[in-house]
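We call the chains A, B, C and D, going by the order they appear; numbering starts again at 1 in every chain.
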Amino acid sequence: MHANYNHIAGQSVERLAALSDGVFAVAMTLLVLDLRTPAETAIHSERDLWNAIVLLAPRILVYLMSFLTLGIFWVGQQTQLNHFSHSDRHLTWIHLAFLFGVSLMPFSTSLMASFISYRLALLLYWANIFVLGAILFAAWRYALRVQLVKPELSAEFAAAIERRIIVAQALYALGALLCLINTYWSLGFILLVQINYALAPRINPLSRL
Amino acid sequence: MHANYNHIAGQSVERLAALSDGVFAVAMTLLVLDLRTPAETAIHSERDLWNAIVLLAPRILVYLMSFLTLGIFWVGQQTQLNHFSHSDRHLTWIHLAFLFGVSLMPFSTSLMASFISYRLALLLYWANIFVLGAILFAAWRYALRVQLVKPELSAEFAAAIERRIIVAQALYALGALLCLINTYWSLGFILLVQINYALAPRINPLSRL
Amino acid sequence: MHANYNHIAGQSVERLAALSDGVFAVAMTLLVLDLRTPAETAIHSERDLWNAIVLLAPRILVYLMSFLTLGIFWVGQQTQLNHFSHSDRHLTWIHLAFLFGVSLMPFSTSLMASFISYRLALLLYWANIFVLGAILFAAWRYALRVQLVKPELSAEFAAAIERRIIVAQALYALGALLCLINTYWSLGFILLVQINYALAPRINPLSRL
Amino acid sequence: MHANYNHIAGQSVERLAALSDGVFAVAMTLLVLDLRTPAETAIHSERDLWNAIVLLAPRILVYLMSFLTLGIFWVGQQTQLNHFSHSDRHLTWIHLAFLFGVSLMPFSTSLMASFISYRLALLLYWANIFVLGAILFAAWRYALRVQLVKPELSAEFAAAIERRIIVAQALYALGALLCLINTYWSLGFILLVQINYALAPRINPLSRL
């Protein structure tokens, strides 16, 4: 029998976690490169500088939103990886596709920040979030099917992870739909959903989902 | 009973440490991108090059200051994480907020370096330092309250960590106040405080704090 | 006898893996910096924005291709490192040369994306892939020769790793040759080979190789 | 007695190694950002592209040299960290100073590549290498003095590490002195020294040092 490269490749969850932490760390920090300092020649007083920074405010808000997105998906991916006993080449490639989506986030963010009132920019931004959720969902389903998860994982917990992705994606899709009114409604709604997931307040009606 | 995603998410201190090291590493190295080499067309002799580099000096000083800031907060965060037995989703998100502050540091630094004599730039720079300290303080308080710290940690050591943050922040705030005179006094004072924390000399009157 | 620095340097496989994950993570994420958002002044309608993004499409395709390349070589290097029991200074330096090739990938990609119809850009891009494969092959041969691999590794598996590199490189070389027709044939063929390696479908005639 | 923050801060060698790998990985990959693709408007034929890339050659050489420098110091630092049983705040700060030097390397490299015939650029480049070596030497001396190294480390090996740094720095200083003739002699000599350390050939007269 021929030994098959595919049977021995990509088995380390630790290396996958390390690569993921690296890609997330770079993506999170690169976002800020889009916050350019005002040109020195245009600033002649404290007031000029203040006005220039106020003009940066929408950009900072979009940046915060993207940091929240990346944070949410980092926690989501981490929670998955913590429950894998090992990996295989397919799971590794599903997560590499996920990281491709993560690495596109600074571009989607920059587009959104530059064209904040354009529906197309909003829909591409949402598509990026959707792709991240869809791949994470696929990764979890695949890991369950070929039994890469730790044996002590209860079916209930496995279902909680799937439910979380579906509810969140439904809310993001609803947010994206609000661009029929205008993009600010969409951004505001998505930001509220994200803050809710980051803060997870006790009185949260979604916390049981 | 419903299994709750929030009870199983974000429990790995190791992954949090790895992400943090990544964000700090990128932020520390991105700072230097602001040090642009002089335009080749403007340099015609060794003396021209020397003058161009001398002009970069204030920028290099601000850069050094920001590296010190990041170093101090990296040591501070590391010391905390070393004493956590595990994490939960709230602690993870508090530290993600901390990393958001870290990722803003290259922007604050660039602003400070470009507008070194502007009070607004100095106050925003100080605000960034303040936010980092405040979040780290909140993280520690939260970890103590819900008992995420290792059981062998003495109350005395727990108090030492809090005291350190408070004293440091008081000194930074004093430094920021000095911008009432001018921003160079502020920068000089903050730099001295930072060098003191980095070197921690034996004869340091603050070393008992 | 003199103690020799070279006998005690570079022995940690873990540090080598950590540095590699960092370099891959940065390279994967830097690729996207080349996707510049359209100039705000040139966009006056949703249609303008759509057209501007359509113009980015070839660049996004080349970017996807480079991400696949980096993913394939990351899996390949990981598979090797997983089978090393320890390292020595020579193996460390062979892998540093490999990382040098990885760090050049954003440049090769940018060149390919800017000059997509130029044979020279295609050949340099292929040369980058070839160098990565050749160094990985050399690293494996060296590790086998001086017995740095784990003792339980079968000769059959060792051969599978070599065979994989040779077959893949033969296909990439064939793809590069197709630039005699034109560069789009080359890019299409290389992309198909990469997708095949990423997906590794069951009915794949290459999967036995 | 007051618990002292300085006694509990910065004790993790693992976190220091992780931060260092991150800073090295980013610095190694950022170097390449200086290799800009030629402007598309200036290229009208394969020959134009070839000429533009040939013009990049000195820049690629300086880049390779800096990658070698970073590789040599990464191996050097790794070798030290592998022999530490634990760290303390002083050792951590000495290594943070080392990482500051590492993060300056992309700037020194860019300066050297832009002003390849200027002695000042060469001397600043050499100063960066010198600072890295001096800090690494200080870190090792400090770790030996306060007994942070693993107890099984022989005095002979400890001396080998010091000797290596001194010999290498003497050679780099000699290389820098050659700029009295011209900077190309300096660069050529330093590059040869680096290649010698990377390859470490058996017949190397320095290999006993």
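Side notes on the structure shown:
Convention: a contact is a pair of C-beta atoms (placed from the backbone, for glycine too) under 8 Å apart; a residue touches a chain by one contact, two chains touch by 3 or more.
Because the structure is a prediction, the values reported are computed rather than measured.
Counting every residue number used by either copy at the chain A-chain C contact, under half are found in both chains. Set against the Cα centre of chain A, the chain with the most distant centre is D.
Chain copies chain B and chain D are related through a rotation whose angle, from the C-alpha fit, is 90° to the nearest 5. Once the centre of each chain is set as its mean CA position, chain A and chain B turn out to be 25 Å apart.
With centres set at the average Cα position, the gap from chain B to chain C is 35 Å. In chain B, the positions touching at least two other chains are 18, 21-22, 25-26, 30, 33. Within the complex formed with chain D, the residues of chain B that make contact are 17-18, 21-22, 24-26, 28-33, 35, 37-38, 40, 43, 46, 49-50, 53, 64, 67, 71, 74-76, 78-79, 81-83, 154, 156-157, 159-161, 163-164, 198-200, 207-209.
Those residues of chain A that touch chain C in the shared complex are 2-6, 8-12, 15, 18-19, 21-23, 25-27, 30, 33, 89-90, 92-93, 96, 99-100, 103-104, 106-107, 110-111, 114-115, 118-121, 124.
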